[in-house]
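The structure appears right after this line, and notes come after that.
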Amino acid sequence: MAIAERGYTHWQGTLGTGRKPWRVIAGQSIRLAWKRKYFKLAFFGALFPALFFAGGIYVSERISDFKEMMRGAEKFLQINPAYFQAYFGSSFLLFMMMVIMVGAGAGLISDDLRHNALPLYFSRPLRKRDYIGGKFASLAFFLLLLTLAPGLIFIVLKLIFAGSFKLLADYPWLPFSFIGWSIFLSSFLSLYTLLLSSLGRNRRFTSILILAVYFLSTAFFGIFFGIFHEPAFCLISIEMNLRQLSAALMGAKPLFNVPWIYSLLVLSAIMGASILVLRKKIRGTEVIR
Amino acid sequence: MPTAPFLAVYRFSVKLVRRSKRTKVFVAVAALPVVLALILQINRLASPGLNLDGLAVFSNVVMGFSLQFLVLLLSLFYGTSVTADEVDNRTLTYPATRPVPKNAFIIGKYAASVSFLLILLLVSTILAFLILMVDRLSYGTAWAFLGRSLAALSLGTICYTALFTLAGTFLRKSILFGLFFCFGWENVVQYFPGTTQKFTIMHWLKSLLPGIEAGMGPSNDGTGLLKFLLFRHEPSPVWAAILTIFVITAIFLGLACYIFSRKEYLFDE
Amino acid sequence: MNGNGLTIRAEKLGKWYGNVLGLSDISIEIGPGITGLLGPNGAGKSTFMKLITGQLRPSIGTVTIGGRPVWNNPEIFRRVGFCPEQDAFYDDMTGREFLAGLLGLYGYGPSEVKERADRALDFVELTEAADRMIRGYSRGMRQRLKISQSLAHEPEILILDEPLNGLDPLSKRKVIRLIKEYRTEGRTVLVSSHVLPEIEALTQSIVLVHQGKILAEGDIHHIRGLIDTHPHIVEVRTEDARKLAVRFAGEADVLSVKFDEAEGTVLFETRNRDRFFERLTRTAAGEDLDIEEITSPDDNLQSVFDYLVGK
């Protein structure tokens, strides 16, 4: 009787088709981020504006019931592109998204660099785009939950509470704006975070970099705008560029009299630079000089 | 004669800080006020019609940027690094198994971080001042202004670094705490009216700034060099500010030493 | 075991990590010489190492070196050197800078730091690579650098936590040789490992740890001899395997005999090792049987360990 070999044996089957390694990386990164208590806190904190604005949509259809309480708020509660721009372009929401990027994204690549995990990844049948795509997807997941999901829910709530399709009749491009803006914002912030995460092996350092660059750009804008009163300086600030672009996409009045296409170019340049740097930094072998 | 443990740790830490690649990044960040000053000054020279008072720009812009942003950011990173770096990199075992008291370790590393930050910030601020005031260097009051500004930056560095050193000794997520403290608490509560603003370190630092001695009136009346920086600031007396800053720094450092000497640090295996 | 050197003493030492027991009721005295601390992963070796080097505080019991408690007593480290298990170094340093930086923490002046650093680097054969960045070192070089920082101040007690981990056979031999060289008169060396042959190559004096408790301590052979319940196995190589087997089969203390005529080997299981060897020696001295080799396959650490943990 033959005695079976109890050591390691090669698997004789065939690899499954349609495999998507980036989904594995994305799923793992999402689960890791979600495990942290403070991250859950920050994420639910970031949902407050969405709840507030959703409440606003409800109240807008019941103004007379809330008239006493809402004296002076009627103008704000007109549900139009400016209302949605107030949500999508709000400083608080952008700040909370940055905090979430720090929590979920600062260590995404820096931890892999620190623990020398890249050779482990690339010793599997994994391409660079799968690796970057997976990390990108984990960040975009959280960001879309804060942008696309509330945006579509706002529209649905308005339709339900108004009992009519007037919103869509007046602004038929609105759902597409929400989708377009959410995808662009999520892509930008994800690539921005991955770029900075790839620049260091120390998660604390990359955490600070992510927020510092964001706030520094706004601080410099504030200084130059305060002195020269030239609106073009808004192109220095990441936050202002994002708000300019979101106003353009929502069809609302922009903050500054600067063509939105310039903001799009600035942000796209940062995304392009991010992709170039990531392609250079992410490699399976470490070169020691 | 053998070197005192604190001094030995200080020298070792200075070497580590100098060697670190991240130092180059932070030197570049600390140089931003100088870059800013250069840009503004070049603009002023290129556009004679531009009404830009060097001292006003220095006091509101450079000091505002340095005190409310740079000091916080740099102190946050270097303060938390005192212990967090050693724990994250799993190198804490090395100094922990040398004949160095734990207090000396904390104080030595803290002192090295503060020394480095002070050099960065003070040099950058002085250079920015010289650039902006190049045509008014004989103006005596300006130098007194600079002196008080440097004192505010120095005490801010010392105090914030001590706070973040304390945070780094017992909080796993000290950076997150620091970010919420800096961009949440300090940046918001300092503008609250009444006694509430005294619960921020920034209130006491701003109380050191020139022309804001108690009794000279509130700073939000739209006049004065620091109208932007000291918006809604209700100053405390200078002597109280200095005393408070030193006392809370000592408390932070004392607590950091106490916690570090009693805490066990387990590395993630 | 006590000589003129310092002694590591633990009395009823215990350590809990929350609800997880790291060490339980350890009472031991380790004196001069090389002692091997042995046990599988998770046995408590690193916990014990961390307790005796002051990185962890005992939950219960005491641990002293030279009669002085270890926790929060940094002065003790003038006479104790520790090589940690983790492969961690300060970034952006050469080997020499790393060593000199740590030597500076002892309060030595610059010339003494240089002299000690050179000596330590020479001892671990890293002089040529001393001025290269540590990130360019091989695993073996990094391990030797770690050892050099633990002995550069010439401590009386050297504690090495898994010093042979991840090394190739050549590097292992080098490190084993270094450790043996360091053990001079009065010095105490404590080495931990989960790889039994490595400890056997270093020392016969061992402490066996399993699930947070000490299973046995002392000389390997002595421990083996104490294990009455388990028979000893003796393998004899001879051309007359059958004859030898028959000669001993009738003895009361011989539990089993297996022989292989083709291989020329006889395997005896005996309860009384000393009596058996006495008879075997007489047989070998006689003229009728030609015995080529006698070995005790289970008189080694693996077997001792397996018996004690009940495998």
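Read from first to last, the chains carry the letters A, B and C; within each, the first residue is number 1.
The rule is short, and it goes like this: contacts are C-beta pairs under 8 Å (C-beta built on N, C-alpha and C of every residue); 3 or more make two chains touch, one makes a residue touch a chain.
Worth saying up front: this structure is predicted, and the values here are computed from it rather than measured.
Novice: Using only Cα atoms to place each chain's centre, name the chain farthest from chain A.
Specialist: C
Novice: Would you mind checking which pair of chains has the most C-beta pairs in contact?
Specialist: Going pair by pair, the biggest contact count turns up for B-C.
Novice: Rounded to the nearest whole Å, what is the centre-to-centre distance of chain A and chain B, using the mean of the C-alpha atoms as each centre?
Specialist: So the centroids are 31 Å from each other.
Novice: Cα centroid separation between chain A and chain C, in whole Å?
Specialist: Those two chain centres are 54 Å apart.
Novice: Roughly how far is chain B from chain C, centre to centre by C-alpha average, rounded to an integer in Å?
Specialist: 51
Novice: For the complex, give me every residue of chain B touching chain C.
Specialist: 2-5, 8-9, 11-12, 15-16, 19-21, 89-91, 93-102, 261, 264-267
Novice: Please give the residue numbers of chain A that touch chain B in the complex, ascending.
Specialist: Those in contact with chain B are residues 38, 95, 99, 102-103, 200, 202-205, 207-209, 211-212, 215-216, 219-220, 223, 226-228.
Novice: Across the complex, what residues on chain B touch chain A?
Specialist: So the residues of chain B in touch with chain A come to 22, 25, 29, 32, 36, 40, 43, 50, 52, 57, 61, 64-65, 69, 73, 76-77, 80-81, 84-85, 88, 173-176, 179, 183, 228.
Novice: Please give the residue numbers of chain C that touch chain B in the complex, ascending.
Specialist: Its residues touching chain B are 17, 53-57, 72, 74-78, 80-82, 84, 86, 88-93, 97, 101-102, 104-109, 149.
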